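Going in written order, the chains are labelled A, B, C and D, and every chain counts its residues from 1.
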Amino acid sequence: MLEHGVDIVLAGSIAVVAWRVLLEPQLFRSMVLFIAMGLMLSLAWVRLAAPDIALAEAAIGAGLTGILLIRAAQTEAAQEAAAAAREAATSGWRRWFPGAGRIVSAAAALAFAAVLLVAVIDLPGEPIGLTEAAATEMEASGVEHPVTSVLLNFRAYDTWLEVGVLLLAAMGVLAIHRTYNLRSTRSEEHTMLVLTWLARIILPLAVLIAGYLYWSGTHQPGGAFQAGAILAAALVLMQLAGFRGVSGLSTLWLGAGLMLSFAAFLAVGFIGTFEGEFLRYRHATGELIILALELTIVVSTAVTLAALFAGAGSQSGDDSDAVRARTPPESL
Amino acid sequence: MVMSVFLYGLALFLILNLIAGLVRVLRGPTDADRMLAAQLFGTTGVGILLVLAEAQGLAALRDVALVFALLAALATVAFVRARRGPGSSEGEAGG
Amino acid sequence: MSTFELYAALAAVLFAVGLYGFFVRQELVRKVVGLNIIGAAVFLLLIAIAYRNRGDFADPVPHAMVLTGIVVAVSATALALALARRIEDETGTRRLPEDEESS
Amino acid sequence: MTPAEVIAAAFAVTGGIFYLAGTVGILRFPDVQSRLHAVTKADNLGLGFLAVGLAVLAGTAEVAAKLLFIWFLALAGSATACQLIANASVDDDVTEREQADA
């Protein structure tokens, strides 16, 4: 009974918060609400018996996405009022049909939602998922946790391409910055003692917890991506605390970190072709291969996400200099 | 049985606390207030996860709480570091 | 209303909200947030279906897909924000040129 | 209910009360500096009591150690975050005064 109450309150508040996130006139407020929504979503994953997803949401949704958005919101705070005013003003065809764009957009959005609902209602009565298949095949995968066996064995293809997407995103950010490494990105000049303290505590603990999640991923929720995301968050914290972090890496090491996992999947895949199929390893050495691949995923995810953050968060030079000049020295 | 009802009740109570905290995000008045509310969500979220771990019998949820507790401060750190110097909240005191 | 139906309905609502925001808001950062909400809706639907199809454990295939999706979503978000920042630096606006002309 | 469960429930309820106090604090206190107390004191104590209660309920040393570790992490994070927010809000105040003088 109360169990259901938890679900209803959670679902209702997520919907309301999402609405406010999008319609909030002030960007910063909207971003904090978005972070709150991420937290509520991870509670929803918990209620839907998906601890793996909750872990990923905790590390990525609450950690990295929040940081990215907070940065984006703040650097633009000054232009906020002007932008809001311009958004309200209408011209062109919008002057003749006030609100027409909104009505069309709302209609389209509702139509999509309706189609989605119809599809859900139309689902066959009997569950037709792959739970059974995964359960019977898991023995052969080399690991005892179903999600890991899907991720790194049955559908390793998907995971390989995902790692490829990460690599592409990192290349994109580097291209946008017209650079081969992140050494030109802004590093925090004056250090804050508390922050140094926090970084010194969190870095070793993050390594410990990431190692734990990596290792336990073979038999319980956890795994390489979550571990990598936690390490990435720790690297970002280092950067924020004034250490060099990932932007201290040379082009060679950055590139190696970014490409490691993609290359490892490729290599394992080709070795697999000698046994008949690309990326197929359903035999005794499965666990070893999976652990090795996961280790490369940890490294590549950590480096890539931290690099994406450093790249996306950096400001155009003269602007940040002005900010620094105005910031008073810390009194601790 | 009694314990299960108690735990779900506690989880619901904590979720309502979290929702009440959202009011502070909307009201502000300064960005620091909003960030403070976000910090509150972190602590409350960890509590909810721990209670649900017990209620649903899912030990893995404690790991989720662990990760949340580890990374809860990061958004705040980013906030303090990215501020456009002092006075970033001017013009919205009525929030 | 079962747990599955509740969260599937929430997914539909989130999808509509995200899509509407994506259409209506002109600032690029807002569009990125709208896309993130649409993504969350899709993830929610997949996980709800996995929950419906559970046996001894929830269907691991949607779980793996969503896990992949979350990581892809964050990297896409970072790339999009970097692009938005670059557009702002080059043109001095946080919208797309065509939106800028019409408003 | 077994005696252990009663003790656990008592701790958990105490934790819940502290959480409630924290929420009331953040909603009702007049400015940032006083609202900081709601987060740093009330909520962290709430989490502490909750953790002790749940540790009693779980009854194993492993779980208890993990819960205490989580509490320690939350304390470290929230103490740092609140100090940073406090600094930021002091900066805001200084600017306001400067603007008033000018």
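Keep in mind that, in the parts below, contacts are C-beta pairs under 8 Å (C-beta built on N, C-alpha and C of every residue); 3 or more make two chains touch, one makes a residue touch a chain.
Values in this document were obtained by computation on a predicted structure and should not be read as measured data.
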>> Count the C-beta contact pairs for A-B and for A-D, then tell me which is higher.
In response: A-B
>> Just the number, please: Cα centre separation of subunit C and subunit D in whole Å.
In response: 31
> Centre to centre, by mean C-alpha position, how many angstrom separate subunit A and subunit B?
Replying inline: 19
>> Centroid of subunit A to centroid of subunit D, CA atoms only: how many Å?
In response: 27
>> How many angstrom lie between the centres of subunit A and subunit C, each centre taken as the mean Cα position?
In response: 12
> Taking each residue of subunit D in turn, which ones touch at least two of the other chains?
Replying inline: 73, 76-77, 80, 84, 87, 91, 94
> Of all the residues in subunit B, which ones touch at least 2 other chains?
Replying inline: 35, 37, 42, 59, 66, 70-73, 77, 79-80, 83, 85-86, 88
> What are the residues of subunit C that contact at least two other chains?
Replying inline: none
> Quick one: which chain pairs are touching?
Replying inline: A-B, A-C, A-D, B-D
>> Using the touch definition from the top, list the residues of subunit B that touch subunit D in their complex.
In response: 2-3, 6, 10, 13-14, 17, 20-21, 23-24, 30, 32-33, 35-37, 39-40, 42-44, 46-47, 50-51, 53-54, 59, 62, 65-66, 69-73, 76-77, 79-80, 83, 85-90
>> Which residues of subunit C touch subunit A once you look at their complex with the stated criterion?
In response: 3, 5-21, 23-27, 29-30, 32-34, 36-37, 40, 43-45, 47-68, 70-72, 74-79, 81-86, 88-89, 94, 101-103
> Which subunit A residues qualify as touching subunit B in the complex?
Replying inline: 1-3, 5-6, 9-10, 13, 17, 20, 26, 28-29, 32-33, 35-36, 39-40, 42-43, 46-47, 49, 51, 54-55, 58-59, 62-63, 66-67, 70-71, 74-75, 77-78, 81, 188, 192, 195, 198, 202, 205-206, 209, 212-213, 216, 220-222, 226, 230, 233, 236-237, 240-241, 313, 323, 326-328
> Which subunit D residues qualify as touching subunit A in the complex?
Replying inline: 73, 76-77, 80, 83-84, 87, 91, 94
>> For the complex, give me every residue of subunit B touching subunit A.
In response: 5, 8-9, 11-12, 15-16, 18-19, 22, 25-26, 28, 31, 34-35, 37-38, 41-42, 45, 48-49, 52, 55-56, 58-61, 63-64, 66-68, 70-75, 77-86, 88, 91-92, 95
